[in-house]
Amino acid sequence: MTTIATERKGLALRPGAWLVWGAVVFFLLILAGVVGAVVVDSFGTRWFSGWLPSGWTSRWYGKTWHEFDLGNVLVVTLEVAVAVVMVSLVVGVPAAYALARRTFPGKRVLMVAFMLPILIPPITYGVPLATVLYKFHLAGKLSGVILANLVPAVPFVILVMTPFIEQIDPKIESAARMCGARTRVIFTRILGPLLIPGMLAAAVLILVRTVGMFELTFLTAGSDSQTLVVALYYSVSAAGIRAQQEIDAMAVIYTLFMLVLLVVALRFVNPTQLVTQIKEKD
Amino acid sequence: MAAPAAPATAGRIALRHRLADRGMDRTLLLLVPAVVFIVALFIYPFVYGLQLSFQPQPGSETVQRYGSGPFADYHAFFADSYLRNTIWTTLKLSLPAGLFNVIASVPIAYRMRGKFRGKRTITTILVVPITLGTVLTAEGLLAFMGPTGWLNRLLIDVGIVDHPVRFTHNYWGVLFSLIISGFPFAFLLTLSYLSGIDPTLERAAATLGAGWWQRFRFITLPLLAPGLAITFCLTFVLAFSVFPSAVMVGDPSGTTRVISIAAFHAAFEQYDYSMASAIAMIMGAVELIVVGLVLGWRASLYRGASGGKG
Amino acid sequence: MSGSKISELRLDHVSRGFGEVLALDGLDLTIEGGEFVALLGPSGCGKSTALNCLAGLLPLTGGSITLDERRIDTLPPEQRGFGMVFQNYALFPHMSVRANIGFGLKMAKVGKAEAQRRVDEAVRLVQLGDHAAKFPGQLSGGQQQRVAIARAIVLEPALVLMDEPLSNLDAKLRLEMRTEIRRIHQTLGLTTVYVTHDQEEALSLADRLVLLREGKVQQVGPPETVYTEPANRFVAGFMGYRNELELPVSSVADKTVVLGDLTGTRREDLGETAVAAIRPEDFTVGDGPNAMEVDVEVVEFQGREQAIQARTAGGDELHLRVQARLAPGDRVTVSVPPERVLVFAADSPAAPEEVA
Amino acid sequence: MSGSKISELRLDHVSRGFGEVLALDGLDLTIEGGEFVALLGPSGCGKSTALNCLAGLLPLTGGSITLDERRIDTLPPEQRGFGMVFQNYALFPHMSVRANIGFGLKMAKVGKAEAQRRVDEAVRLVQLGDHAAKFPGQLSGGQQQRVAIARAIVLEPALVLMDEPLSNLDAKLRLEMRTEIRRIHQTLGLTTVYVTHDQEEALSLADRLVLLREGKVQQVGPPETVYTEPANRFVAGFMGYRNELELPVSSVADKTVVLGDLTGTRREDLGETAVAAIRPEDFTVGDGPNAMEVDVEVVEFQGREQAIQARTAGGDELHLRVQARLAPGDRVTVSVPPERVLVFAADSPAAPEEVA
Amino acid sequence: GGGAKDLTPGNVPDNPKNPVTLNIIDVAGNLQLTKGMIDEFVKTHPKVIKKVTYTNATAPELPGKIKAQQSAGQVQIGLVLTGTDALSAGIDQNLWVKTDDYASRLGNANYQAPAQKMQELAQGHGVEVVYYPSGPLIEYNPKTVSKPPATADELLAWAKAHPKKFQYARPANSGPGRTFLMGLPYILGDSNPKDPKAGWSKTWSYLQELTKYVDYYPSKTSETMSNLANGSADIIATTTGWDINPRALGQVPAGDKVAYLKGMHWVTDAQYAVVPRGVSADVLSADLQLIKWMLTPQQQAKAYDDGYFYPGPAVNGVTVQMAPQKSQQVIQQFGRPEYDQWIPKFPTETSLPAQQQVAAFDQWDRTVGSGKVKK
C-alpha cells in the first residue's frame, strides 16, 4: 500500500542519504558553474567582468567551424571513436575473459604486459609506434589513428572488464555448453547480454579516452584524418592569438559531440540494468 | 563395472586434463588476438623507448654531468631534486584524487542501487561530466573560479570574503579538475560493478540482523572491492599522467609540477628523447608499484560470482 | 507456550502481487509462540512469497502483520529479528562456512568466545566439521544447504523461517537434520514457519499445516486432520489421495455416500456427480469392502512396497501401493474401507490440471 | 538397447581432486545405451562431481571416459552432445523461460517451426504454460527447477545427466514429473544418469543404482539387489536400515548368524562382534521371530503409518515404522523376520558419523 | 631520419612533373598571415599545385611526427610553417631540407636588416616568411595606472606598491612572457644577454625580487589579457602583436595603453617555411616556387593581417597601404602611431637560439616560477 511505500522511502532518507545527495547537488552546482561559464562566454561578444557578457553572438562558433573544417573533423572523430571502441571490445573482452577465468603460469607477466600501455605515457612509444605504422603504410590515414589509439584502449578494456566477468557465475556458461553452445555463441548470446553494463562502461571510457587522446592521434594522423582533439589542443596551446571565446566555442563543440555520443550510448543500454536486478522488480 | 584393464588406465591421464588442471585449455586461445596486438604494436615501440632511456643523448646536459653510461639519465633524474620531487608532487595529486573519486562514488552508487523514479536521469547527469574533456574543464574552472568569476562574485556579494579567493593556479585547481574528470569515470564503473552483485545477499544479511551500514560494510563492500581496486587503479593512472590541466589550471613550475611536465619538458622543449624516455619509464615504474600493490591486494580478495543458487 | 520468545504472530489479509498477479492473496493466519507451522502447496503457490513477506524482504501490497500486538510489517528485516533459510541458500560467497554461520552473531555483537562456541556447535550440528574453512563455491549442494540452516539457527531467533531447508539432503541426513530441527525448536522455544514439499516431513514435524493454492489458504489444521479430513478435493489430491473417480451419486445418507459400486464418506455437499478420492496405500489386495477387480498394468519397485498402476473394469486408472508382489498382467481384487473413500463435489477446487 | 543413440559409455578409474582431497576416487562404471542409472550417496560424496566429469565441465585428475570405443574425456562439453540438469539450475538469467528452453534447439539449428513446437511441448510437460514469458528471476524455486529440466530434455540428447532434478517440487508434481522423465527416457531411447537423494525415486526409476561414499563406489546393482542385499554396512545404513545393533556373535551357520537374542542373515565375514541392521518398517508389532519388548518413547505422525522411537530392554534405541497406533509410554512386543536382519562385520564401512 | 632519401639540387625539377598535392602543417599560427598568399599561389599556379591541405598543430610534437615519417620513408608533410622553436629542434635533429642549396631558385629575398638576422637563425635550413620586432612592452590599464613605470626599477616599485597587479605569463607557454624574459637582460644591462646561465645575474635577481609581488603566473598569454580586462591585473607584459590583435578581437579594452622600459631592445621574432627531408622532388619543387612567391612584396603585404604579428612583412618596401583593405582598417583603428617611431628607435636583437631559450625557461621554472622564493 502507498502508506508502506512512503514509509520505506522516508526511512531511506536518513541523514546519511541527505549528506550524499547534498554532496551530489553541491558537485553538480560547481559543475554547472564550470560548464555554464564556458558556454556563456562562448556566446558572448566580450566579457571583461560582470555576471554576464555585454552582448550575445554565435560568430565564434562559425569562425572555429570554418577555421578547422569541423564538419569533416567530426566525421573522422566519430569514425575513429566507433572503430576503436568496437575493435577494442572485440579484442579485449575475450582476453579479459581468459584472464578472469583461468590461472595459468605466466599470467602475471602477461598482466604486466597488458598494463604497460596504460601506464607508460605515449611520449616513449608514440614515435616508434608511428614509425612502424608509417612503414606499413597504415599511418597518415584513418587506419593509423585507429590502430594507434587501440594500443592503450585494448588493455583498458581488459582491465575494466575483468571484474565484470568474474561476477558472472561460470555455471551459466557450463549450462550453455551443455546446450551445445560453442565459445563464440557463449560470447554473443550468454556473456554478451550479461556483460552489457560492463561493456557500456568500458565503451564510454574508451570513447572518452580515444576522443581525448592527443599524442597518438597527432603522430599518426594525416591531413584528412585529424580528430577533434588535435584541433582543440591546437586552439588552446598553439602559438598565435585566438579569442578566448573561440577556444570556449571549440571546447563546447567538443563536449557536445561527446555528449551526443554518450547519450546515444546510454539510450541503448542502461548501465545499471543487470539481470539480477530483475529480481528488484518492486 | 571395474574393467580388467583398470590398473593400466590409472596412469593414462590425458595431457589435456593435466594442462586444464593448471588452467591451460582452449580458453587461453582467447588471449591470442590481444597478445598479438600488444606484441605487434606495443612491445617493439616500448622496448625502443626503454633502450632509448639507457642511451643518453650525446651533447645533452645529462651527458655533460653524468657521462653517457646507461643509467646516466636515471641518475640525472634522481640527482636533481627539482626533477625528483615531481614524483611526490604527482603522487600528492593523484593518490588523493584517485582515492577521493573512488570513495565518493561508492556511497552515491550505493544509493542508486534500487529502482526509483528518475534514476536514469540522475545517472546520466552524474556521468555527463565525463564528456567535458580537460580543456573545457580547465577553461571552465578558470572562468568560473577566476578572480571575477561567478563563484568569487557570489562569495563577495554574499559577504563571505571581501577579496577574490584564488581557487586556481594552485594544487586545488588541479585537484578540482582531476575530480571533475575522474569522478564520473569512477562513478560509472562503480555503479556498473555494483549492479552485478546479487541483491539477495543483502537481504540475507538483513534477516541476520545487519543494518544498512553492516550490510554495506560486510556484504556489498567486500564483493565490490575487486571492482573498486580496478577503478582506483584506472583513476589513479589517469590522474598520475595528468598534463594539460596541471599546466592550465595549475602552477606548472611549482606546486603542480607533475612528472609528465618534466617528461614533456625533456621531450618537447629540450628534445632530449632519452631523458624523456627515462622519465616516462620512471613514471611507469611508480605507477606499476602503486597499481601492483593494489592489484596484489585485490588478488587476495574473493573474486567470483556473487549469485546464490540459480 | 513454553519458553517461547513471542506469544502471537498475526497475519491479517496479507497480500503480495507481482504485476497483475497476486502471488499471495489475503493470507489470514495466527501463529502462536512456540508453534511449528508448515506451509504446503504446489510449486509456485506462494510459499516463498509468504516467508519473504514475513521476513520483511518483500513489501506487502495489502494487509498487515502484527507481532505481539505490535504492527511489524513496516519494520525493516534487520529489526524484526527473524531467522531465515533461503530456498536458494543466499550464502555470502566471500565468506568461509564459519564466517557465514558466524555473521549473525557478529551483527548481534555476541562476544568472540561465545560466538566461536556457538558457531562450532552449529557446524557440528550440520556435520560440516571438515568443510568449515571452505567457501560456499567449494561446497556441494547439500553442504551449502546445511550452511544455510546453520546460519539461520545459530542466532536462535524468536521466529525461524525455513524455505525447503532439507531438499538437497539424502534421506539419512535428512532424517537426522529433521530431528535436530525439531529438537532445537523445542529446546530453544523457537517459533518456526517451515516450507516443505515433503509431506512426511510436514506431517511429522509440524504442529499445524497451512495448505496454500495459488496464493489462497485452502486448509489450516493439525497434520492428522489435514491428512485424514482434507477440506476439499485439492487438499485431498495434494495430501496423497491420488485416485479420483468421478461417479454419479446414487444415494446420500448423512456422511455415507454411494457412488455406483463405491461406498464412501461425504466431505462436502454434493451435486449429481461426485468425486471419490482414495489413497494408493489405502487399497488392500483381497476381498473386503468396496471390492473391485483390477488389471495390473505397471509395477514399480519401491522397496518394501510396490507402486502399481492398474485399470478397473470400468476403464478407470488406479494407483495402488501394496506389499504383495504383483506383476503386470495380473488380475486381482482390491478393496478399500468406506471411511477411506472421501467424496467431494465434482466442482470442488481440484489440484492443478495434470498433463494431458 | 532399444533405439538408444549410444551403445556403451565406459568410465575407467575416473578421478577428480580438489586440492589434496579426491572428490571422486577411481570411479569405474560401464553404462549401456538406454540404461537409467541412479547415483546415490550422502551429501558431498561426489555425485555432482561425477556428473560434471561426465559432462566435460571438470577436467579429470585421472582415468578416462570412453563412449562407443571413442575416448571422449578430452572433448569439450559442447561436442559431447549430452544434456544436463544442474543442481543449482544455472538458468540463463537474461532469457525468458521459452528462450531458456529453446536455447539448445537454436544451437542445434533446429528450424523455427519445429523448435517452437518442441519448446511448447516441453513447456507443457513441465507445466509452465502460464509462466513461459517470465524470466528466471521471477519464478519460484520449483518453477526454475522445471525450466532446467525442460531445457535439458528438449534436446533429446543421447545421454542426460540430471542432478537432483526434482528436489524442489511438491510430492504430487514430483510423481508426475518422475513418470514423465521415465516416459521420455523410454520413448526417446535416452541414456540417463540421475542423481537423487530420494531413495524411492531411485528405486522406482533406475535400472541400476550406483552407491558412492567419499568418492568411492560402494555397490552397483539393480535396485532390488541393493535394497535387499546391501553390500556393506554403509550401503545398508544408506538404504534405510536405520537400526544398527552391535552385538557379540554367538554362532554362525552358513548365512545364519545368531547375535545374542537376535537371529539374522550374514552378509560378510564376521569378527567377534557384529552389527545387525534392521529397517524400521521391517518390524511388526506382535509376537514372532526375533521378538523383543520395547518401550515407546517418541511417536511421530506420518500419515497412514507412525514413526516410533523406542528403547529395548538392553537400552538400545530402535526406530520403528508401524501402522498400529501407539503412544509414548506404551510397552509392546515387536518382531522381525531373520532374513530382514542383516549382519555385517563391526568394522564394515559405516555410514558417516552421526551427530553425538 | 634514416629512411629519408636525400635530394640534390640536380634532381629537383624546376616544375613538378605533375601538379602536386601539398600538405602544409602550421605550428605557429602562421597561416593567419600567409594563408592568403598560398591560396592565391594555388589559384594562379594550377600546374604546380593541384591542391593544398592545411593542418594546424602544436609545435612541440611536430618533430616527433616528422621523424616517424622519415624513419619509415613515408614523408607526407610537404611544408611546415613554424616559429623558431620547431625550426631549431628540426635543425638539431636534421629534419629539414637545406634550403640554402636551392638559394638560386628562391631568389634574393631582400629582407629587412633585423629580419635578415633572424633568417640566419635558420642556418640555411628554412626560409623566413614573416618577421616582427615583438617586445618587450608593458600594457596597462590607464584607469588604474596613471603613470606607467618607465624603467625596470619603477616597475618593481610599482609592483611592490600594487601587489598581485603586475602579471606576465609563464615564459615557456607565452610569447610575451618569453619576450619579457629575453628583453630584461638588455634593459637591466646584464653581462651577456645571450647566455641565460652565466650572463643573466641581474635578470634573475630582478625576477626573484619581482616575483614576491606577483600573485601567480598564468599558463597562457590570453589569461593575462583577460585579467587586464577584468581588472585583476593592471600591468602585463606584451608585444606589438599581442597589443593590437586582442584589442581588435575585443579581448582587451581598446583604450588600454602600452609603454616600454628604459634601455629597451627589441627582441625580434620570425616565422619560417621549412621543408622536411624526404619529400619527393616534385613537392620540393613546388615548395620552392611557393616560398619564392610568398616573399614578393605584394604577398608580404598580407602579413599585416589584423596586427597579430605587427607589422609582419619580412622584406623591405612593404607598406600598410599595400595590405588588404581589412588589414588597413584594423591597423588604422587599433594600431599605434608610436610604433612607427619605436621600431626604428630601439636596437633589435634576435631572440635566443632555441636551446638557450629552453635553458632560460628551465631556470625560470626552477628559480622564479617554482615558488621557492618566499613571498
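The letters A, B, C, D and E name the chains in turn, as written, and every chain counts its residues from 1.
Just so we're on the same page, a residue touches a chain if its C-beta (ideal position, glycine included) is under 8 Å from a C-beta of that chain, and two chains touch if they have at least 3 such contacts.
Per UniProt, the chains are A = Spermidine/putrescine ABC transporter permease; B = ABC transporter permease; C, D = ABC transporter ATP-binding protein.
All values reported here derive from a predicted model rather than from experimental measurement.
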Labels of chains that are neighbours to subunit B (ABC transporter permease) and to subunit D | A, C
Work out the mean Cα position per chain and let me know which chain is farthest from subunit C.
-> E
Distance from subunit C to subunit B (ABC transporter permease) - Cα centre to Cα centre, in angstrom | 54
Expressed in whole Å, how far the mean CA point of subunit B (ABC transporter permease) lies from that of subunit E is 39
With chain centres taken as the means of their Cα atoms, state the distance from subunit D to subunit E in Å.
-> 90
Which residues of subunit C are in contact with two or more other chains?
-> 18, 76, 88, 141
Shared interface positions of subunit B (ABC transporter permease), touching two or more other chains | 25-26, 148, 198, 200, 248, 264, 267, 304-307, 309-310
Set of subunit A residues in contact with two or more other chains | 48-49, 126-128, 132, 169, 171, 233, 236-237, 244, 247, 276, 279, 281-282
Touching subunit A in the complex, subunit B (ABC transporter permease) uses residues 22-28, 30-31, 33-35, 37-38, 41-46, 48-50, 52-53, 104, 107-108, 111-115, 119-120, 122-137, 139-141, 143-145, 148-151, 153, 176, 180, 183, 185, 188-189, 191-200, 212, 226-227, 230, 233-234, 237, 241, 244, 248, 260, 263-264, 267, 273, 276-277, 280-281, 283-284, 287-288, 291, 295, 303-307
Per the touch rule, the subunit D residues reaching subunit C in their complex are 18, 40-44, 47-48, 87-88, 124-125, 127, 131, 138-143, 146, 163-164, 167-176, 180, 197-200, 203-204, 223-224, 227, 237-238, 240, 242, 279, 281-282, 300-304, 307, 351-356
Can you name the residues of subunit E that touch subunit B (ABC transporter permease) in the complex?
-> 60-61, 63-64, 89, 92-93, 170, 172-173, 215-220, 223, 226-227, 230-232, 355, 358, 361-362, 364-366, 368-372
Which bits of subunit A are touching subunit D when the two form their complex?
-> 169, 171-172, 174-182, 185, 189-190, 193-194, 275-276, 278-279, 281
Would you mind writing out the residues of subunit D in touch with subunit B (ABC transporter permease) in their complex?
-> 10, 12-13, 26, 28-30, 59-64, 73-74, 76, 88-91, 136, 141, 144, 220
